[in-house]
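Okay, so here's the structure we're looking at.
Letters are used for the chains, namely A, B, C, D, E and F, taken in the order the chains are written, and counting of residues starts over at 1 for each.
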Amino acid sequence: MLSARNQFKGIVKSVTLGGVMAEVVITVGPLEFVSAITRTSAESLELKAGDEVRAVVKSTEVLIDK
Amino acid sequence: MLSARNQFKGIVKSVTLGGVMAEVVITVGPLEFVSAITRTSAESLELKAGDEVRAVVKSTEVLIDK
Amino acid sequence: MLSARNQFKGIVKSVTLGGVMAEVVITVGPLEFVSAITRTSAESLELKAGDEVRAVVKSTEVLIDK
Amino acid sequence: MLSARNQFKGIVKSVTLGGVMAEVVITVGPLEFVSAITRTSAESLELKAGDEVRAVVKSTEVLIDK
Amino acid sequence: MLSARNQFKGIVKSVTLGGVMAEVVITVGPLEFVSAITRTSAESLELKAGDEVRAVVKSTEVLIDK
Amino acid sequence: MLSARNQFKGIVKSVTLGGVMAEVVITVGPLEFVSAITRTSAESLELKAGDEVRAVVKSTEVLIDK
């Protein structure tokens, strides 16, 4: 069980590999999350469209716009 | 227009003030976000339950759990 | 399986609760990690000294001092 | 003296350069840290395998998995 | 109005596009900020040298070196 | 020498201690930075108004508002 307060189940929509980083788009119900992780991490998870995943965000990383 | 790829409209559910930090819970459709910001920031935004806000997360802060 | 590249097994040494945040010290072999998470997160995990945990850090959060 | 609570002496194992980012693997005793920094930063530090460095992480960036 | 406590008006000096990430240098008075955002974000903002922007940093991301 | 691309010399204006966290305001020329670090970190650095410090930010933590 992870301490991060924001954990949302979703489906990988796309994975774009760069030289060192990868961009992963995740569909969470009506929302779309974008995650930038290392390419080696995307490859070790074998991330691909259709995968069931959770998008995870630590609460100290959430800004508020009012 | 903000560079952060993750921006979700929601409603403030609660604001808890600590000595230096504040915890803000935001309802985004069926999801609930938790944000930890400084107390002075929560106070300068006059955040309170019912406020219309956006939860904002930079894509480099989104982990993936598969 | 979590995308974060830095995941280290350790033992909780201490948990200090503040108003909104909590400081958790984790012993990882000869190293000591300090984590600042929300108090509600520490409480929902029921973190206490002696717990077996993993300290998790996204690679984009690791600075290098040379 | 840096405020970050997590500072660990290690040796650079590898540096991989991408277009904009670089991935640096650091051996810290029995552990291995992965850091993603900008390519320009890796180049200005002239990071290469064998360098003595410290991996530095702010405590607010450490998640806990129990 | 954004909760981030650090918001500084400046001018984009350069934009370097990588495969997945982009590096943006911003001149803020006598200072120079470097930002690493996703390439898709830089493209959707149509960032280019000369643009008037604000560099934004959450206070939990500011380390102190004394 | 630290990999963080954003390092700005300044003077501590104020230190506010909470239960677990501390808020530090730093004057950098015409700008003012706000940093949230752990209380134990502020205490171990013996941070106080008038101290000469550097505010340090990793480039992956800088958002852009256009």
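To be clear about the criterion, contacts are C-beta pairs under 8 Å (C-beta built on N, C-alpha and C of every residue); 3 or more make two chains touch, one makes a residue touch a chain.
No experiment lies behind these values; they were computed from the predicted model shown.
When chain C is fitted to chain F on its Cα atoms, the angle of the rotation, on a 0 to 180 scale and to the nearest 5, is 120 degrees. Centroid distances from chain E, each centroid being the mean of CA atoms, peak for C. In this structure chain B contacts its sequence twin chain C using mostly different residue numbers, the overlap staying below half. Centroid distances built from C-alpha atoms place F farthest away from chain A. Spacing of chain B relative to chain E, judged by their CA centroids, is 21 angstrom.
For the pair chain A and chain B, the distance between mean C-alpha positions equals 18 Å.
Here the spacing of chain A and chain F, counted between their Cα centres, is 29 Å.
Looking at chain C, residues 1-5, 18-21, 23, 34-38, 40-41, 45, 56, 58-61, 63-66 sit in touch with two or more other chains. Chain contact summary for the complex, chain C toward chain F: residues 16-23, 34, 36, 60-61, 63-66.
By the touch criterion given at the top, residues 1-5, 35-38, 40-42, 45, 56, 58-60 of chain B touch chain E in their complex. Per the touch definition, chain A reaches chain B in the complex via residues 2, 4-8, 23-24, 26, 28-31, 33-37, 41, 45, 47, 51-66.
Residues 1-4, 18-21, 38-40, 58, 60 of chain E are the ones touching chain A in the complex.
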